[in-house]
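The two complexes that follow have chain A in common; it is paired with chain B in the first and with chain C in the second.
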Partner chain A sequence: MRAARPAALAAIAAAILLALVPVVARGNITLLSLGFFTFLYVAQGVAWNILGGFAGYISFGYAAFFGCGAYTTALLWLGGWAPVATYPVAGIVAALFSLVVGVPTLRLAGPYFSIATIGVGEAMRILALNLDRITGGASGLNLPTVVPSKAWFYTAALVFAAVSFAVAAAVRSSRFGLGLQALRMDQEAAESLGVRTALFKNLAHVLSAFIVGACGGLYATYLQFAHPDSVFSFTESISLVLIALIGGLGTLWGPVLGAAVFYAVQDYLQTSYPTFHLLVYGVLLILILLFEPKGLAGVAGRLWRRTPLAWRA
Partner chain B sequence: MAADPAGVESLMTALTLDHVTKRFGGLVAVQDVTIEIASAHITGLIGPNGAGKTTLFRVISGDVRPSAGRVLCFGRETTGWSPHAVCRLGVCVTHQIVRPFGELTVLENVLVGAAFGSGGRTAGRAARADVEEVLDFTALAPRRDVLASALTLAERKRLEIARALATRPSILLLDEVLAGLTPAETHQAVALVRGIQARGVTIVMIEHVMRAVMDLSDRVLVLNYGRLIADGSPAEVTRNPEVIEAYLGRDSAVAQ
Partner chain C sequence: MFSAQNLISVGIAALLTAGLYAIMSYGLAIIYGVMKVINLSHAGFLMLGAFMTLVYFQLWHLDPILGAFLNLPVFFAAGWLVYTTLVRRVITALPIASLLLLFALWLVIQNVALAIWGSDDQSIITAYTYTALPLLGFRIPLTRLLVFGIALIVLTVLHYGLGHTYIGKALRATVQDRQAALLVGIDTEKISAVAFGLGTALAAFAGSLLTLLFSFTPDFGGSFQLKSFTIIVLGGLENLAGVTVGAAILSFAESFAVLFMRASLQNVIAYALLVIALIVMPGGVAQLMTRGRS
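Here is the complex of A and B:
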C-alpha cells in the first residue's frame, strides 16, 4: 500500500534488464542456468510468502505442490501434450490438492499447522515413491529429450517470477491482502470485523500452490526427469521457508532477495564444499532472527532510509 | 439518563436472546437468559466478575455457540453464524482486552473494519471516506499514521471503538470500554458513546464504572452466576435487594 508506485517501476525495470541477458549472453549456459534456477526460486518464494508471510501460516509442505505440478506436467508431456500447455494444468492440480490439504490443516493454529504440513509433504513423497505405476517409483520418470534452448528456459522462469511477483504485489495492495494481514496479527479480531478468515486463508493457500505447481511443471521439463525424492523432497519445502525468512517474511521484495542469495550461495558453494551452504544459511538465519526480523528486505530498507534524499531516484 | 429517541425506531426490537444457555463442561456460564433489546437505546449489562457478561457477548457475536436457545438480530436468527457473518449483518463487538493490529497504522486498522464490515465490499475510495469520517469522530485523526502498537491504552480503546464503528454496525456491543481510563479519558469516552447513540446505533455495554453506566443507560440488565437477576431503569436496578446482595453481600442487603 505504501510506496507502491516506485516498487512497481523498479520491478518492471529489473525484469526488462534481466530479459535482455539471453540476447547478450546467448551462449553462456552457466549464467542462463543460474538465472533459471534463481527465477524459479523467486517465483516460488514470492508465492509461498502470500500464505507464509502475509497470512502468517508457515508451511513446510510446499514440496507436495511442487511435486504434484512436476508429475502433472511429466505425465501430460509423455501423453503427447506440449510442455507449455501443461503448466496451467500443473498449477490447477496443485491448487486443487492444496484445497484438500488446506481445508482441514488451516484450522490449526501456528506451529500445529506447520507440523501438519511436514506430515503432508512427507506422506506425499512416500506415496509417490510407492505408486510406481504412475510416478516411476524409485527410478523416476524419464521424459522426452526434445526440449527448448536454455535461453528459452531462462526467459520462461523469468516470466514465472514476474507473474508471481505481480500477483503478490496485487494481493498485498488489495482488500484481500489487508484481510490476510489482519488475520495474521489477530484472527479473532479480524473475524469479528467481518473478515472471512477461513476463506481467505484457503484462497491464499490455493493461489500460492497454483504458482508453485506451475513451477514444478517447468522444473520437470527443464530436467527432463521426474523423481519423487527430488520433486517431493523436504529440502524443496525447507528452501521456500528459508528464502522467505532470509529475505524478509511478509515483505514484497524479501523473497526476491532471499532467492537470489539462496541460490547464488548454493550454486557457488555446492560444487567445491558440498554441504557448506547449509552452514551459511544457518548463520544467516540466526543473524536475521536476532537482529532484523524483516530479513534482507529490512536491511535494504534501512540503507534506503539512510541514503541522502538527493541520491534517491 | 440519555434522551429517549422518539418514533417508530425506538419501538423496534434490535436484538433478541431466547432462553440462551452456555455451558463450558460442568460450568454454566449463561443460564436460560431471555432478553429483548430495543433499537437505538443504550442498555447496560452489569454484574460481578464471572457473571457471564462477556460470554453472553460472545454468544451474540458468534464467537461461541450457545448450548441451548436462540439469538435473533433484527428478527433474523443468527444462532451458530460465524462472527464475520454476524458482523456483516451489522452487529459488532469490541473486546474487553483491546486487540489492535499492532503492525498496521491506526488508519489501516480502521480500514479493516470499513472494508469488511456490513458496509464494505472494497478497500477503495468509499471505504477510505468512511475511515476519515470515523477517525474524525473518534478524535484519532491526528494519530492516523501511527502504528497501533504505539498507542496509549485510552487511544487503543478508542481505536477498538473506531474499528467497530467503521463496520457500520446497527448494534454495537461494548465490552468494558471505560475500564482503566483516567477520569478525563472516561469523560471523553462517555461523550463518544452518547455520540454513537445519537447516530441511531443500538448499544449494549458491559461496564463496571457504575456512575457512567447508570448515567448512560436507558435500561440496565444485571447478571449473576449466569442468570438475569434484574432488569429495569438504572434507578430501579440500584434499589433491587438481589442486586445489592450480589455486589455487596447479604448483610448489606438486609441492612438496606
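Here is the complex of A and C:
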C-alpha cells in the first residue's frame, strides 16, 4: 500500500492536468484528436491487461468485443438513442459475447487459448462482413452526422481511460487480483488453494471486454461510420497485445506507457508509411521478449533505480 | 446442385486441395512436435516463399515449381538461423514467450515485405496456368494436378526420410519424448534446429506452390496459417501422420460446405473447426477413434 499511494496520487494529478487541456487549447483539433486516440488505446490496453497481464491469458481476439460494441452503438444511435446512453449497452453486449467465447476457450492452456482467440476474432470479422443487413457488409454503416465537439470526445476518452485504470488498479489490489496472479503462476496450485480459477478467468475476461466494447461504441461515434474490416480487424486485436506487451505485461502503468508510445509512433509514421509502425513494434517486441520481459515499464523502473537518491522527488 | 456429377467434381477438387493443405501444415506439425512451440511466423514464411518465387521468376524466368525446390535450402538456412538466434533463447521460458516472439517475427516479416513489394496483388502467370486436362469426364486445371502431385511426392520422401534416416528417427524420437531422446544420446538441441529449418523450408515450399493457384500480397498467409492450425489440431498436434487426415477433413468440409452456404463464409468453417477441435478433442481425430474403441 505504501507504494500504491503515490502512484494513485500521480494518476489523479495526471488526469486532472490532462482534463485541463481542452479548456486551454479548445481550437487545437490535432492535439485533441491525438489525445482522443491515445486515451482510447490507454483504456483498451489497460483493460486487455486485466486478462492478458494479470491472469496471463494472451488474447488475440479483442477486436470481436470492440466490433460488437461499435455496432451496438451504431445500431442504437441510428435507432434514435443518444450516443452516451449506448456506451453501457455496447459494453454489456461485448461482455455477454465474451462469456460465449470465454466459457469454452478459457479452459484451454495458455498458448491454445491464444490460437483459439485468433480463430474467433477472424470468424467474427467474416460473419460481420456477410451479415450485410445488420452491419452494412462491405460498404459499412453511415452514422448520424450530428456529433459533439472534439473537446467533448477528448474528455470522454479521458474519462474512459481513467475509469479503466481505476478498475485495473482496484482489481490488482483485491483478492480477485491476487487470485488472477496466482493462477497465472500455477493454475493447479492456485486451484488447490481454493482459487476459483474458471470463475476468476471469466470475470477478468468479461470485465475487460465490457470496457473494450464501450470503447468500440465511442470510436464509432467519433468516426460516424462503422465497417466490419475496421472495427473487427486483426490489427485492432494485435494493437492491444502490442500496447500491453511493449508497455509492460501485467504492470499497472505499462499499458498506459505503451499506448502513449504506440499511438504517437503510429501517428508519426502513418502519413509516410501506413503500416510501418507494425514493423517498429515487431522489432521492439522481439527485443523486449529477449531482454526486458517487463517492457517499457521495466526499463523505466531500471532508470529510476539508477537515479541518485538525491534527484528523486 | 446435388447431382452425382456435381458431387464427384467437388470431391475431386477437395482431394486436390487436401494435398496442398497437407504440405502446408506439415512444417507447423514438425516444429510443434519437436519443441512444443506454436509457430506464428509460419504465415510469414509462407508469404515470403511466395514472394521469393516471384523474385526468381522475374530475375531468371525460373518456373515456380523449380522456385519451390530452390526455396527448400534457402529457407532451411533461414529457419536454422531464426532458431539459433531467437527461438532458442526463449524456449525455456513460459510457452507463451515463444509464441509471442514468433508472432513478433511474423509482424516484422510481413511489414518488411510490405515495404519492399507494396500491398498490390501479385501473380505469376506461366505457360500452363490456364491449361486444363480432361480426366474422367471432368476438366481439371493442370496447376491443381501439379500441386497435388508434387505435394504427394514431397510428403512421401519426407515420410521415408523420417522413417529410415538417422536424423529422421532422432527427430521422431524427440517428438515422442524429449528427455528420453536426450538420454539415449540424441543431440536434441541440434534436432530442434533441424526441425525449425525443415518446418520453415516446408512453409516456404508450400508458399511457392500457392503462387501457381492464387494471387498474393504481403497479407497473404494469415488465413492459411489458421487453416494449418486447424489441420494439425484435427490431426492430433504431435501426430505427424495425422496431418494428412486433418488436411483431408478440412478440405472436404470446406468444399462440401460451399454447396450449402455462401462461398465468402468458407473460411469460417476452418476457424470454427479450430476452436471446436481445440476444446472437444485436444488429441485430434485419432483420440476420438481410440476412445470409441475402448
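Structure notes:
Methods note: the second predicted complex is superposed on the first by the 311 of 313 C-alpha atoms of A that agree within 3 Å, B and C clash if a C-alpha of one lies under 4 Å from a C-alpha of the other, contacts with A are read in each partner's own complex, and residues count from 1 in each chain.
Everything below uses one rule, namely that a contact is a pair of C-beta atoms (placed from the backbone, for glycine too) under 8 Å apart; a residue touches a chain by one contact, two chains touch by 3 or more.
None of these values were measured; they are calculated from a predicted model.
Put simply, more of the residues of chain A are touched by C, taking chain B and chain C as the two choices.
Of the two partner chains placed by the overlay, neither chain B nor chain C lies in contact with A:17. In the superposed model, A:146 makes contact with neither chain B nor chain C.
In the superposed model, A:197 makes contact with chain B only, not with chain C.
Touch criterion met: A:290 reaches chain C, while chain B stays clear of it.
When the two complexes are overlaid on their common chain A, residue A:129 makes contact with chain C while staying clear of chain B.
In the superposed pair of complexes, A:189 makes contact with chain B only, with no contact to chain C. Shared-chain residue A:303: touches no atom of chain B or chain C.
When the shared chain is aligned, chain B comes close enough to touch A:175, but chain C does not.
Looking at chain A, you'll find no residue that touches chain B in one structure and chain C in the other. Residues 38, 86, 89-90, 94-97, 99-101, 103-108, 110-112, 114-115, 222-223, 226, 229-230, 262, 264-265, 267-268, 270-272, 274-275, 278-279, 282 of chain C are the ones touching chain A in the complex.
Partner chain C is touched in their complex by these residues of chain A: 56, 58, 104-105, 107-112, 114-116, 118-120, 122-123, 126-127, 129-130, 234, 238, 241, 245, 273, 275-276, 278-279, 281-283, 285-286, 289-290, 293.
Contact residues on chain A toward chain B in their complex (touch as defined above): 1, 174-175, 178-179, 181-182, 185-186, 188-198. Partner chain A is touched in their complex by these residues of chain B: 61, 63, 82-84, 87-88, 92-93, 95, 99-104, 108, 111-113, 115-118, 120, 122-123, 163-164, 167.
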